[in-house]
Structure formats: C-alpha cells, structure tokens
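The two complexes that follow have chain A in common; it is paired with chain B in the first and with chain C in the second.
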Partner chain A sequence: MNPSFKLILALVISLEITFTNHLGGNLIIIAAALTYLIIKRVAWKKLCRLLLITLIPAAALFMTIGYFSPERDLFFAWVLVSRLYCYVSVGAAVTLTTNKLSLIRSLEQNCHLPSKFAYGFLAALNLIPRIKQNVITIRVAGQMRGVTLHWWSPTLYFKAILSAIAWSDQLAQAMETHGFKEGAPRSAAQVIEVDKRDWLTMLLILLIIQIVIIALP
Partner chain B sequence: MHKRTFHLRDIILLALIAIIFGVIYYAAAFVYNGLTVLLTPVGYGPIANDLTMGIWCMAGPLAGFLLRIPGSSFLGEFLGAAVEMFLGDQWGASNLISGAVQGIGTELGFTLTLYKVYNWLTVILTSVTTTIITFAWDWFRNGYSHFAPSMLVIMLVARFLSMLVFSGILVKLIVNLLTRAHVIRS
Partner chain C sequence: MANDIIDVQQLSFAYDHHEVLKALTTSFPAGSVALLTGPSGCGKSTLLRLIAGLLPKYGGHLTNGRINFPAGKPTIGMLFQDPLMQFALDTPRHELEFVLENERVPHEQIAARVTAALHFCKITDLADRQLTTLSGGQQQRVALAVTIARQAKVLLLDEPFASIDEESRHFLIGQLQQLVVNQGITILIADHDCHGYQKLHPLVYQFQAGTVARQSAATSAQLLAAADERAKQPLRAARPAASAPTVFQLTAVRIKRGERQLLSLPQLALFRDKITLVTGANGSGKSTFFQALAKLIPYQGQIDFAGHDIQQIKNRRYRADLGLVFQHADDQFINVTVAEELALSKRNGRHPYFQTSLPAALELLGLTGLDERVVYSLSGGQRKKLQLLLMLMMGQPVLLLDEPFAGLDRQSLQNVYQLIKTAQAAKPQTMLIISHQLAAIDQLIDFHLHLSGHQLRYEEDYHES
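Our next item is the complex of A and B:
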C-alpha cells in the first residue's frame, strides 16, 4: 500500500478511537493490525518489546480508573487499555513496515509536500549517526575537564545545537551548489505511484472501521 | 522585523533539532515508565504523564526561539514526535497526534506575542498555553472525566510545573547560551 495512505489511515484510526469508547471495536482493530504485522513478517522481538512496554502506561490507567477513581468503572478502564494497544499496534503497522525514504518520497510526490521540506528532512535523517557520535563526544569532552553533562544540562543542548546549526548551513550550501533550487520543478529518481487499488483499499478499510466503531453495538 | 519564510537551511536545522529531541523524548519514556511503576500502587500512576510532559514539549519552544518564524515551534514539536514514533516507543501512532497538539500549544504562546517578544514572558505564555491544550487533549485520550476532581487539580499543577521547568526554564537557559554565542539575533 502507498506509504502516505498508510500514514493517513493510521492517523484517522487513532483520532477516531480517541473520541469513541468502543471496547469490541478497539479489539478488532488491534487484531487486524497485529495480523497485518505478522503477514508482513515483522521481527518478533520488536513486536513483543512494544507490546510489553505498553503494559506500563496501560496498567497505570487501568488501576487508577478501575480502583482509585470515584466511579471505579472497570469497563471504561478496559476501553482505555485497549485504546493504548490500538495506538501502538496501528503505529507499528506503519513504522515497522514502511521505510522512511519511500514515505518521504511519497509525501513529496503524492501529497505535494514542498520538495525543500522533503529533501531537508532526508538530509537531516542521514545525519542521525553523526548526531549520536556528536553527543557522545560532547559528554566525553566534558568529562575530560571534570564536568559531567547530564541530560538536563543546558550546556549539552547548547553544544549539540551549535553543531546542528553548522551542519544545516553546510548541508544547505552543499545541496545548493549541487543544483538544488527551492520551488523549482523536479523530476523524481524513483516514482511512487498511487493506483486505483490504493484508493480502493483505503476507502474499504475506512468503511469497515466506521462499521466496526459506530454500527456494531 | 520583516516576515521570514522557511528556507532549506531552516528546514534542515528544524529537522536536526527534531531528531535531537526525538531521541530525548524516546529516552524520557524510560523516566516515565519508572515513575509510573512507582506511583501506580498508590493510585497516582497517571501523574507520571504530567510530570514528564514538560520534557516532551521542549523541541517546540526551542525551535520557536531559535528560528523566530511563524510555524517553527509547531513544526519542531511535530517533527520531534514523528522521530519518536519512528524510533518505536510505547505510544505508537498517537505520537503524531500528541505531537500536533503539543505543537499547537507551544506555537500559540508565540502567536500571543505576535512573534515580536522573545523573553521570559514568552516562556510563561508558552508554558501556560501548552499546559492547557495538552491537558484538554489528554482529557479525551486518557479519560480524565472519570478521575477524582482532587486528582485532576494535582495533575494540572504537576503538568504546569513540569512544563515551566523543562520546556520553559531549561529551554530559556539553552536559548540564553545561544544568544550569548550570537547565533540568535536578539
């Protein structure tokens, strides 16, 4: 399925379940998302880790609403637990099955995201390893002077942002010297198409979800 | 000050900030989980969310102060949440919606000053708007209507304090360092 469509679908589903309290509907969505993930052969470890870690906020909400709130509404507590699992399974159905490059390409070509945003994000994404290394370097440099930089130290962020500013200048210059021009028409190296099947699948899933959430008792 | 729009350099910078904070947000989930485990047995589990909320809203105000372009605060916060989602944490798809909501909250603080004032007043304003907007969103998302009123008051206060300390004071301290280094036009 087209990456942008997948993202939009996940957003719509998440928004809808936030404003409805439908336990059965939520469970069906979770089952569907998990089935999709299994069909796509997503790594078990990743999936189990996500499902386990969600237990913590889910248990907190469940305990508070089920046992410590004035009404002790257990049904509503279960709705909230299923809602959290909906978010994480639907989110995983997008993030674990889509690569970022094709998602950004699709957003640019299919959703008319201006190319300066698409390529700006891509350029930044490719710097992730350098950002990680840079943070380690800053902390080690601090330790050499006997200064420990914690995650709440303004200095750590200050230095990281100084590097980010330098990199963004250099990258923008490099891209412009290689002929990138804001707002100029571009050809695409890899064309990402939206065909009839994408539209049909999306509309069909949306329709089923409306039935599941609204029409089912 | 004349009106500025986003150029390639600003967008890359914004995305880099989003990545730095996306990683911080991802790590903050561990702080959140620890707090939740501690507080749940006494019935105050959801307060962990309010206590860490300020950390999750840092990218917005920082981007707003750094770039000073209308929309930069929203974009910084939203992209940070998107990065967090792709790193794969426990909130999944709702990260994007939370990110958009938090982004609107932080952006509103700058809008109220008409993008002309960048001092402690702005810090207080963004803290207040972000607290109100994110609390309203969590009202639906986490079913606050079922909570005891006394609990809701504690949560609101906890959230505001967290917002003030992390996305307010800490961000302003970072901005002060950047101003002294002459990378922000003051």
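Our next item is the complex of A and C:
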C-alpha cells in the first residue's frame, strides 16, 4: 500500500478511537494490526519487545482508572488499555513495514509536502546515531579534562545543542552544494504512484472500521 | 582573459571584524587545474566557499568586490575537508539519487547515471552501505561521485586529502586527471600540502595574508617537484628493544566492525614514554584500535595497562591516566572561549612545562591574543593546534592522538613538533600518533607501527609510495 495512505489511515484510526469507548472494536483493530505485522514478517523479538514495553504504562493506567479513580470503572480501564495498545500496534503497522525514505518520497510526491521539510526531517533522522555517539564523546572529553559531566550537567546539553546547530548548518550547506534548492522542482528517482487499489483498500478499511466501531454493539 | 571561467575582482571578505581576504584579484582559466596553497587561515578555503556561493550566505561579510562567471554560472561541485558532513542521506546510492532529483534528471535516466558515477569512483560495492560506516577515503570517493553524477563543470576541493591515505589520494588525483583531460572540467584545489599533484599540471596560486599570487607554469612545476621530493623521503624509525619497558600489553585482541574482522592482534607491546607513529590505509582500523585502548568499544581478548586489565580500572581513573586527542577538534572542547578552555586545562592539568611556559607555547602555535574568541569560530588549523595544546597541558601518562596534524601547513607542523618535543623533554609521556601527514615526522617519533592485513607491526624503513 502507498506509504502516505498507510500513514493517513493510521492517523484517522487513532483519532477515531480516541473519541469512542468501544472495547470490542479496539480489540479487533489490535488483532488486525498484529496480523498485518505477522504477515509482513516483522521480527517476533521486535514485536514482543514493543508489546512488553507498552505493558508498563498500560498497567499503570489500568490500576489508576480501575482501582484509584472515584468511579473505579473497570470497563473504562480496559478501554483505555486497549486504546493504548491500538496506538502502539497501528503505529507499528506503519513504521515497521515502511521504509523511511519511501515514506518521505511518497509524502513529497503524493501529498506535496514541501521538499525542505521532507528532506530536512530525513537528514535529522539520519543524524540520530551521530547524536548518541556525540553524547558519549562529550562525556569522555570531559573525563579526560578532569570534568565529570552527569546526565543533568548543563554543559552536556550545551555541547550537544551546539553540535546540532553546527551540523544543521553544515547539512544545509551540504544539501545546497548537492544541488538542492528550496522550493525548486525536483524529479523522482523512485516514482511512488497512487493507484485505484490504494484508494479502494483505504476506503474499504475505513468502512470496516466504521462498521466495527459504530455498528457493532 | 576571454577563456576565464571564474574572475575574481577586488574581493574583500571578513568574519566578524577579522578580514580574511583583502582586495583579492585573480582569475581561473576554463579547463585548468589550480592549486591554492598557503598556511592555514590564509583564506584559501574562504575563497572556495565564496565561489561555491556558500559564503556570505552562511556567515561573514563581503565588504568589497565581486566574483564574475564570464561564461555564465556553471554547475559547481564541492568536496569538503570533513568527508562525512557533506551527505544528507544514509547510503551512497540514496545520496546520488537525491542529487540527481535536485538536478531534475528524468526518472528513467537516474539509475544509469548513478551506476556510471559509482563505477567511475570504483565504489559500486559500497553503494548500499551506510555512509557512517565508510572510511574517510571512501566517503571522499562518494563525494566525488556526487559531482560526477551532477556533471559539474567546476570542481572545488577544500583540503580533500587532509586525513586520507596515499592510496586513496593517488586514486582520486588520477580520476581528477581523467576529468580534466576528457571533459575539460575546471578544478580548484585548496591544499597546504602540494605533493602528488604533478600529473594534474596545476598552476600554483600562492596565498599570503589574504591576497594571492598566481605562479607561472614553470615556477608551479618547480614547487610541485620540490613538494614531491620532500614526500619521497623514507620514514625511518627505530626497532624497539625486547627489554624496553612497556605500558600496554595486548594479548589475543580481536576487534570487529559489524560482521567484519578488523583487527587481530595475538601479541602487541606498546612502549613507555616513547612516541609511536601508527599508519595504515583508510578504514584499516587505526581509530578503532585507539577506541579499544581508550575503552570506548568492546573487543575480545585482554588489554593490560601498567599490569592491570583495563576492564578492571574505573573509567574516571583510567581517563585521568589516558588522554585521547580526537580526530575532530570540536569534539575536544568543553567551554566556549579560548581563555575558558585554557583555564580549565591549566586548573586540572598536571604537565609541569605548561604550568610555567604556557605563554611561550601559545606564541609558538600562533594562538596569542585569541583569548576572547569562541573556539568554534577559529580556523581549522587554529582549532587543531588549540586542541592539541589543551590535551598536552593535561599531562596524562598516555596520550593517544588521532590525526593531530591534519590540515596544518608546514610551518605550523614544525612548531607543533617542536612543542611536543619540548613537552616530552620536560615530562616524558607515552604517545601514540595516527597520522597521514608524514612529512619530516621521523624527527619526532621513536617507533613506527604499521597496520595492514588486520595486523600491527613495528617498521624500521618505510616507503610510502
């Protein structure tokens, strides 16, 4: 399915379940999303880790609403837990099955997102591993100069922000020397098309969701 | 002249209130190669960035003059000194596609042009690797591939070989030659080190305090020949005696990068209070070796420091004994201004020489009077020198230096060597130095470790080419 459509669909579903309290509907959505992930052969380990990590906020939410709120509403507690798992599984169904470059290209070509945002965002994502490495480097640099930088030390953040600013400037220069011009038309290495099937799939899924959420008891 | 592609008239340019170019007038004939040379901070990089249109957009002020393109503005490609910071995407293939999309190359032609550019730079097998995992030399090849794909008519290279081994340098210069001969491309190279350029027959543009003098073809040839002669000197080092006191003892150490075996060191001793040079091709694992010694990456086997397994030593204590001079100067800085950085090293440092003779050291490195400057606003060469000084002042028993001389001109290099020797005489330290800059380095070093085929061996007589 077209990556942008996938993203839009996930957003619509998430928005819709935010304003409904339909336990059965939520469970069906979770089951569908997980089935999709399994069909797409997403690694079991990744999936299990995601579901387990979600368990912590889910349990906290359940205890608070179910046992410590004035109403002690167990049904509403289950709704909230299922809603949380809905967000996670639907989100995973998009992010774990879509290549980020394809998504950016699709947003640029199909949704006409300005290329400045699309590629700026992508470049920033590609910087994340460097930022992690940078924080380690800063702490080591400190230790070697007799300064211990704890995670709450302002110097650590000052340096990290400074690096980020320097990188963003260098990145802008790099993109410019590689021929990128803000707002100028570009061609496409990989043409991402929206065909009838994408529309049909999206509308069909939306229809089913409406039936599940509204029509089911 | 009629066939000039770039014509610079009375150009003056300043950062803050520091004038870098002073009424500079010169021109570059189409299809020629120009080698811009001069000490660090002389303005050669600034001129390239002005031509590329990055300045004054990204800093500084154009106070006078202009740059003309008599035949219309050509497509300009640029290679930067720091290879990694010139890519926006994750792999060489994606970067090339991005570039061709920017040039509005029709969809059907993109794949073919990507393939051709990769092929020309001999990086077809690296096309889908993450750029961050490539060595500096490989990244520069990708950067060159980008300019090929864009069909740039003018190529600007800003110290492109500063931290690249001889083999990559030879290869890249050979490819540049093909571009000049076959496609009539104009190339401007800023490099303080003029060796290896003879086959490009460049005209030498000598920079001096913000102005430039274009040398005649004959003078240029002489300058290049002299630089080649200097580079040809064999590198001489002693062979360590078996009984020499050691500081590091490595036993059965293996280091991997991803799935690939990078280093395999059954037995290796590093000698106390001696200066050891570490050389080897790009990506062969020299920096990784340092990272293992500094306890920054996992490895198999055992590394003993002064008789103790380094894994048993607490990080904080270990780093009081071992300093690492990073490849990127900016990584070293903790504070904002030069004065603050110096004060920190003075307060926590234990090197006796700098407690008394810091002003002399600053004078020698040409860093006097920069106290209030923000460290990040210094020139590349000044930052390298300041970084080295800050770490020497700390006076750790062991200092690992990763490319401390990259981008330094000959005079700065001599001064830096002299400072290290003076410091070493006042307080002996064990130093390991990774360097591609080998000119006159034998006056500084005791031993030479060469890395090839996953192994490190001590060498006595070593020829680069």
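By our rule, the second predicted complex is superposed on the first by the 216 of 217 C-alpha atoms of A that agree within 3 Å, B and C clash if a C-alpha of one lies under 4 Å from a C-alpha of the other, contacts with A are read in each partner's own complex, and residues count from 1 in each chain.
The criterion applied here is as follows: a residue touches a chain if its C-beta (ideal position, glycine included) is under 8 Å from a C-beta of that chain, and two chains touch if they have at least 3 such contacts.
Fair warning: this is a prediction, and the values are worked out from it, not measured in the lab.
Colleague: Taking chain A as the common reference, can chain B and chain C both be placed on it without clashing, or not? Answer clash or fit.
Modeller: Superposition result for chain B and chain C: fit.
Colleague: Once the shared chain is lined up, is A:G142 touching chain B (first), chain C (second), both, or neither of them?
Modeller: After superposition on chain A, A:G142 lies in contact with chain C alone.
Colleague: With both structures placed on chain A, which of the two partners, chain B or chain C, ends up touching more residues of chain A?
Modeller: B
Colleague: Counting only touches as set out at the top, which of chain B and chain C does A:T18 meet: first, second, both, neither?
Modeller: first
Colleague: By the touch definition at the top of the document, which applies to A:M175: first (chain B), second (chain C), both, or neither?
Modeller: both
Colleague: Of the two partner chains, chain B (first) and chain C (second), which one does A:L47 touch, if any: first, second, both, or neither?
Modeller: Neither partner.
Colleague: Taking the superposition on A as described, I'd like to know which of chain B and chain C A:Y157 touches: first, second, both or neither.
Modeller: It touches chain B, and chain C stays clear.
Colleague: In the overlaid three-chain picture, which partner chain does A:W167 touch, first (chain B) or second (chain C), both, or neither?
Modeller: both
Colleague: What angle, in steps of 10 degrees, lies at chain A between chain B and chain C when each chain is taken as its C-alpha centre?
Modeller: Reported to the nearest 10, the angle reads 80 degrees.
Colleague: Thinking of the overlay built on chain A, is A:A123 touched by chain B (first), by chain C (second), by both, or by neither?
Modeller: both
Colleague: What does the superposition give for the shortest Cα distance from chain B to chain C, in Å?
Modeller: 6
Colleague: Looking at chain A, which of its residues have contacts with both chain B and chain C?
Modeller: Chain A residues touching both partners: 119, 123, 155, 162, 167, 169, 171-172, 175-176, 180.
Colleague: Mind pulling up the chain A residues that touch chain B in the complex?
Modeller: 10-11, 13-15, 18-19, 46, 50, 53-54, 56-57, 59-61, 63-65, 67-71, 73, 76, 79-80, 83-84, 87-92, 94-96, 100, 116-117, 119-121, 123-125, 127-128, 131-132, 135, 151-152, 154-155, 157-158, 160-162, 164-165, 167-169, 171-172, 175-176, 180, 182
Colleague: Can you name the residues of chain C that touch chain A in the complex?
Modeller: 52-54, 58, 75-78, 80, 82, 85-90, 94-95, 97-107, 110-111, 114, 132, 146, 150, 294, 296, 315-316, 319-320, 322-324, 326, 330-334, 344-345, 347-349, 376, 390-391, 394, 396
Colleague: What part of chain B is in contact with chain A in the complex they form?
Modeller: Listed in rising order, the residues are 6-20, 23-24, 27, 29, 32-33, 36-37, 39-41, 43-46, 48-49, 62, 66, 79, 85-86, 88-97, 140-143, 146-148, 151, 166, 170, 173-174, 176-178, 181, 183.
Colleague: Would you tell me which residues of chain A are touching chain C in their complex?
Modeller: Contact set of chain A toward chain C: 101, 119, 122-123, 126, 129-130, 134, 136-138, 140-148, 155, 159, 162-163, 166-167, 169-181, 184-191.
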